[in-house]
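Shared between the two complexes below is subunit A, which pairs with subunit B and subunit C, respectively.
The block that comes next holds the complex of A and B.
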């Protein structure tokens, strides 16, 4: 595959993107999201998730770097790109005084690819009443209404800023199910941000962690879940903790240390035994544990760098 | 459609392993027949509501183990001879033996001590089975009388 083709396979491509504010800076953001996959974009509050998404949508202009979305340069070609992007965010304003049906007609008049039978199907699946005014809807119903308006356009790229935040378990399940249904078509792509790692863990192909305005890690989900492990060891009296690759944290107590590594391989267990340490358990880690350990590692690193500078 | 495969979030094992295990069981009991076509990676991902990459991982490992065959551009089928029945039990036995070795080491038991414990357990199992068979035989005789 040549370079041009491989770039065409990316629905979203950020290269060295930056944006400076007085108290916050987004720095050197690189993102690659292949067509046909789902990326979960995870970060604590204030990490830069929404800023990144706003740049992706052309709502904010980057100070540095290049942004390509569905083959279009952002923000210059945003009008053309937006015909194919469905965007749902928490602060999206629908007209409170108008019913959902009115919104459906409005969106339908703008986007020629609006799929009315699918919209009706979503009304039923999301248990929404089209005659109800937006101001009478609960938070969960509002999110589902906004999602319906985006999905029925059948956009090639769905960008969802915290779509599951504040939803009850049933509504969350309905939303995740609809997102997966979209992926049945391999030409369609989803990027969604969340701080609920459980949602992300289940449906994402790619995971990107962001903290303090920087991408701290980005990879296939399976790679994260495969390489991060916690090893519980037992050392002989006066034994030293074995030096293993990728160890980012040593916890536990004296002769019973607990090592966290992000470069686990099964051969490590034998290596430990050779070095005189008994491996009592190798624990897999949830995405949430990986996320927290990753953020803490990067923050410690930064603080160390600041001290040496 | 394929919702008979259940993914548990509280199961400690990775999702791809849960998918592998349940596919193997279906193949072992013949629910997914030898040589039969199985769902595409994307179809199964959508049905189970897990990511495409997770199902892809499960299929790759199943292919490596010879349980399924993936023909480029044609989808996947169950291998004509997956030889699973025996192998599934073998794998399970290996896993338990590994636990025995680990716990033995923890308790400071030597190989001989472990072997005699295994012997004891085997004897007990056989004795228990004979007792059940004996009781069954006695009941049958009684019923015939």
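The block that comes next holds the complex of A and C.
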């Protein structure tokens, strides 16, 4: 596949993107989201998720780098690109004085691909009353209403910036269930940002971690879950912790160290045994544990570099 | 420029602002009734009421249409639609002007008609009313420019206050300019070079403010 063909398969392509503020900078963001994939974009609060997404939407202009979304250069072609994008963000509000039906008619008048039967179906599934004014809806209902308006326009790319933040467990389950149903459409691409790794883990097939304005890791979810492990060891008296490639953190204490690795292979167990340590357990890690370990590793690395400089 | 999209945004704001628009029209009609039917005293009272309605209409609709989108966090929804910020700005400027121009044109038309047709009033006041009416339009454009460019409630309220003070200050100043004051209470309307220059300066300022707002907004890099 040549360069042009591979770029055409990318719904989102960030290349060396930067954005500088007084107290925060997004630096050298490289991001590729293939068409039809679902990317979970995970980062702590203030990591740069929303800034990245706003640049993707053309709502912020990057200071450096290039952004292409659905084959269009952003921000120059943002109006045309947004014709195929459904966007819901945690800080997005609808007009409180207007009913949901009015919002549906308004969005319908703009998007020729608006799917009215699907919109009506979503009304039922989300248990929303179209004649109700937005100001009378609960937070969960408002998020569902915004999601309905984004989904019923049948977008090629769905961008969700922390949509489940502040939702009660039932509303969160309903929203996630609907997103899972949307995934049945293989041509639909989704970027889902959250600091809730559990939500992301449920629906994503790709994961990108961001912290302090930099992307610290990005890969398939299964690869993350396969390669990250914790090895619980027991050392002989006077035994040293085995030095193995791919170990990013040594925890535990004394003769019971715990090694965290991001390049696990079964051969590591044999290597530990060869070096005199007994492997008591090899634990899988949740996405949240991987995320936290990844962030801590990167921050420690940065602090070391700063001390060296 | 996608004019279909601009039209949809205008209709959206028209729908959302229908209550303030209806109230300003109602207030305008009431003020005009006093102005037309109330004799000489009623004319003065009606004129004050009309100015009050126009100033209030300008302040409320302009603030609602500019600052509220950001304050109530509806801007991310609007900007998620397939529009550019130029189209957004064009729609806002047009709807602000239309919402203000409806009661303004009716008020100005009624005032001119009363002054021109009623034997009890002096036609000499017409240039002064035209200059002050245009000042109110200029003030509305000023508030709209500040509201759209800064998107800040604080700055917009400051602009409203400046606009209100300016009406009194400019009204007093214009009434004391020789070319205006000397024929103001005369029976015949006289367009002096001074009155013409004032009117020209007002409309030139309006054009500059609208053009400037559009230019600044077109160069903005961050919309949220």
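Criterion: the second predicted complex is superposed on the first by the 309 of 309 C-alpha atoms of A that agree within 3 Å, B and C clash if a C-alpha of one lies under 4 Å from a C-alpha of the other, contacts with A are read in each partner's own complex, and residues count from 1 in each chain.
As a working rule, a contact is a pair of C-beta atoms (placed from the backbone, for glycine too) under 8 Å apart; a residue touches a chain by one contact, two chains touch by 3 or more.
These figures come from a predicted structure and were not determined experimentally.
Of the two partner chains placed by the overlay, neither subunit B nor subunit C lies in contact with A:197.
Among subunit B and subunit C, the chain that touches a larger number of residues in subunit A is C. Applying the stated contact rule after C-alpha superposition, one finds that A:80 touches subunit C and leaves subunit B untouched. Shared-chain residue A:54: touches subunit C; no touch with subunit B.
When the two structures are aligned on the shared chain, A:102 is found in touch with subunit C, with no touch to subunit B.
In the superposition on chain A, A:284 makes contact with subunit B only, while subunit C stays out of contact range. When both complexes are overlaid on chain A, the residue A:89 reaches subunit C alone and has no touch with subunit B.
Interface residues of subunit B, counted against subunit A in their complex, comprise 9, 12-16, 42-43, 45-46, 49-54, 57, 102, 105-106. Residues 54, 57, 59-61, 78-83, 85-87, 89, 91-98, 102, 106-107, 109-110, 146, 150 of subunit A touch subunit C in their complex. Those residues of subunit C whose C-beta lies close enough to touch subunit A in the complex are 2, 5, 8, 12, 15-16, 72-74, 76-77, 79-84, 87, 221-224. The part of subunit A that touches subunit B in the complex is made up of residues 36-38, 176-177, 180-181, 183-184, 186, 198, 202-206, 220-222, 225-226, 278, 280, 284.
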